[in-house]
Amino acid sequence: MAETKILAFVCNWCSYGGADNAGGMRLKYPADVRLVRVMCSGRIDPVFIIKAFERGADGVIVSGCHPGDCHYTAGNYHARRRFAVFRELMIFMGIDPRRVTFSWVSASEGGKWRDVVSETVERVRALGPFEGYRGLTGRQHG
Amino acid sequence: MGELQELARKLLADGAVKVVIGYEEGPRGVRPAFITTPKDADRLVFDERCVHNLTMYLTPTRKHIAALGKPAIIVKGCDTRSLAGLIRQSQVKRENVVVIGARCGGVLKDPSVKAAIAEDTVADRCRGCTIREPRLVDHLVGEPKPAPPGKSLVDQKIDELDAMTPEQRLAFWHEQLSRCIRCHACREVCPNCFCVRCLADKAEPLESSAHLRGNMAWHMVRAMHQAGRCVDCGECERVCPADIPLRLLNRKIARVIEARFGHRPDDDPESTAPIGSFQPEDGQEFIR
Amino acid sequence: MNLYQPYLMRVDEIIDETVDTRTLKLAFKDPAVAESFTFKAGQFGEYSVFGAGECTFCVASSPTRKGYIECSFKKVGRVTSAMRDVDVGATMGFRGPYGNSFPLDKMEGKSVVFIAGGIGLAPVRCVIWNVLDLRDRFKDVTIVYGARTVGDLVYKRELAQWAARKDVKLWQTVDPGGETPDWKGEIGFVPTIVGKAAPSPKDAYAIVCGPPVMIKFTLPVLAKLGFSDETIYTTLENRMKCGVGKCGRCNIGPVYVCKDGPVFTAAEIKKLPQEF
Amino acid sequence: MTRKAFITESDVRALAADLIAAGTRVVAPGRVGTPLGERIEYRVANKVDEILLGQDEPARSLKDFFLPPTDVILAWQEKKDQVELTPVSSTFAPQVIIGAKPCDAAALEIVDKVMDWDYHDELWFGRRAATTIITLACEGGDRSCFCTAVGLEPSGTRGSDVLLTPAAGGYSAEILTDKGEKLVAAHAVRFGADKGADEARAFAEKGRKRVDANLGLKPAEVRKWLAGHFDDAFWKSIALACHGCGACASVCPTCHCFDIVDECEGLGCGVRRRNWDTCQTAKFTMHGSGHNPRADQSSRMRQRVMHKFCIYPERFGEILCTGCGRCARVCPGGMDILEVVSKVNEMACGGAK
């Protein structure tokens, strides 16, 4: 199946470590994913997700520390509320929520990171490319 | 002269305030008025055409109003929720403004024509109003009024949309948002849009072009920024020169927030904002 | 093709002027354009980094130097940040030249006094080199240039060249407190130093460019020395997008900076509404 | 070289049908349903029955079809150190506008002046050249209309190629330009011999009287007053309710200010766009340094009024306003340009100040 472009926003303290851990354990997962490391899942503004789709991502992974594990105490709790709302907004706007995976991955969960990526890639590949969003400019010139 | 005009005159004459922000008769119906002298207090009107939420004139972005001096402002019950929000968000100090509450029985859908409040004339946002007598006030004027009739059509439309397929919903929003010309009038009239520099005024990350991609992003981002703060005053929808049903978005989010976090916008400046606070036990069924 | 289509430029050289200002030397990619392109001292253009957008600057190099243009800028926004990120060899865009120019034909045979502050030297430098490249056509050349600190002086290499020339009187100054231990120039604000330099107004033109406050205090000094408002020139820079009188944002009352300017005499400026 | 003819309403529709069938883009007023109710807009007509030949004013002007809210001006693609530019074409497929308001047609001619000011705007004039405009005379609009005060007419011919004025059984058609003549000649079967000219004259007269009642103006006096009162306290007093939203500018047929932005379409490629902009927002004139020459709303409001009634007339001999009244209808603060200009007119003519 054709490769898709998945952009992953991962928190510095847990999920980036998780991805690192997956690499260290030589776990195999599809190469469709590109990571953007941010300091905390609380820093991941929904506009990042929109921007990713605008610039050609077919899917997005958002990942942070498990509840209670946030390096900044509560960043992920705040993020959780925001994402809960944003996900409903996406659904209400008719954007397929299956293109975005929200996840908690700790620094030791290399296996979970592999699973999150594999599942997301599989799902997004089945959905196909998301040209529909990027192409919304309707470049007609008339 | 009426109670309201007399009160305004007195406040101005006593020097308690320098300007009364209210409503006056304009060429096309009622409009915002800025009364600075006692003799002009006669110009004030308040009736069911006073749809405008005037509280945004209190935000620090309105430097030319602040320059007039201490204001008194006329608010309806619904407007006090915006006022409470502004106080909660440190934009307005309660003691720096004299609040004149006007009892209200609903405003008109089409404020350019005088009409009685009835099932088919009342603004949709007034349906189911629970705050006809403003509480966060220094003075209260007007007679108690009956509750506006009817059931919210916005809620009905949201239910309809929820029942559609994702493709139908997307098509609906594409049709609505394709009319957006990115004038940002929705933002400018919103009492919650007091940012010194709006995200949309920067070159990044939002695209400022009025194509569907830029419009989708703008309205999603705006809806997110309003989450938990929007009081459904309906000003954005009223002023939209493209008639985009913006209340649908904000109301939908308000419903999500109420369902998930049990929060409703209120007129208490001390209450907690749902976005910006959390409970450890918040639902996370959507998170892997 | 339309009038907003830029020429493609190659970044040939990057010169760091101060910690936050930089000069780019741009060469036309199309040899035919390089050959035919001309402009006059004082004109401006729209420089672009593709993906970031366009930005307005005067051409800082002299029209007597063919085949390339230079611009000096301070990093303040999206485009100027992108301009700081380009490397030698990168491709940029340029539209222009636009606007009016300094009246060099009128100045011929006369003395010229250049007064600049900070990065305001950029448009003045264009005229300075234009005059120096045609040195025998002009009488006395006086340059008064100041910046807040020694570190804020731009075109340092060229300041040294001008200082070394016998046919140029150069006064360099920094604001009090902005000097370094080995600073040999003047210390004081530009208007004061202009008074000290006291260039003769006889058969002379003055070109003044810098922050508004500097211009404000320099004009009375020049007036006292005997310069009439008609012989003092400056250049205004307002926010612009199109550069050609269409986009509607650079006007000061009835005057469009992009079409009627950017070069104005002090007399013209005094007639404008004070909205710039 | 104007000549007159007659066309029935059904023949107007048949003409539109012929054009659509031939693949010509037809733009006409039509109803657009929204959840908030119906609105009338100029829009591309795909079917003849969508065309509205009535008197209602479309909510937005015709400028959308000549200066779109967003328009690509070039595309770029990075290739190693090189950048390849793809210019956009400035020749456009023919389009016919049917049922334009006379004020909207006139606006195009007014804006032509700035678009041709030393530099010729190919995108604007490309669309102008490709468009034939059939205007429908106006019966005089509502209380916010004041076209006669700015030198236009509800049945005016400026900017039109063909003007249709209602007469018994159809429209008296005035063919005004070569473009109009060409269109009529190509569809000669739809047009009959001239009749109804008297009725048309009466219609125009009635319309003019109706609009005249809204506002009388001495534009030259207004201009003079404005030129001399840049720093008047008046400006502070009119902008209090202004939100600075610029909705007025977006519905205005003559407001033509724009922004130029780059937008990426992925990595290393993108387009440069020209987007509508408005003098009513603070960022419009904001310098990179943060300094803003028009720092408060009253100066921005002044700019809009000045540009329309003083600066543009001085430059181009035209008032940059057609009196269509849209800005007053759309203003969330209830401000009214009619009111502002009549106050200025009063001060200019009444000897006050």
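Letters A, B, C and D name the chains as they come in the text, with residue numbers starting at 1 for each one.
FYI, contacts are C-beta pairs under 8 Å (C-beta built on N, C-alpha and C of every residue); 3 or more make two chains touch, one makes a residue touch a chain.
All values reported here derive from a predicted model rather than from experimental measurement.
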item	value
A-D compared against B-D, more contacting pairs	B-D
Subunit A-subunit D separation of Cα centroids, rounded to whole Å	46
Approximate Å spacing (C-alpha centroids) for the pair subunit B, subunit D	31
Chain centre separation (subunit A, subunit B; CA means) in Å	34
Where subunit A and subunit C are represented by their mean Cα positions, the distance between them in whole Å	49
Residue numbers of subunit D (touch at least two other chains)	88, 259, 261, 263-264
Residues of subunit C whose C-beta touches two or more other chains	52-53, 77
Contacts with two or more other chains, residues of subunit A listed in rising order	134, 137
Chain contact topology (line, ring, star, complete or other)	other
Parts of subunit C lying in touch with subunit B, wherever the complex brings them together	52-53, 77-78
Interface residues, subunit C side, partner subunit D - complex	1-6, 8, 48, 50-54, 74, 76-77, 80, 89-91, 93, 237-239, 241-242, 244-249, 251-254, 259, 273-276
Sites on subunit A touched by subunit B in the complex	46-48, 50-51, 54, 67-68, 74, 77-78, 80-97, 101-104, 116, 119, 133-138
Subunit B to subunit C touching residues, read off their complex	202-204
Contacting residues of subunit B [partner subunit A, same complex]	161-162, 166-174, 199, 205-207, 209, 211-214, 216-217, 220-221, 223-224, 227, 249, 252-253, 256-257, 260-261, 274-276, 278, 280, 282-284, 286-288
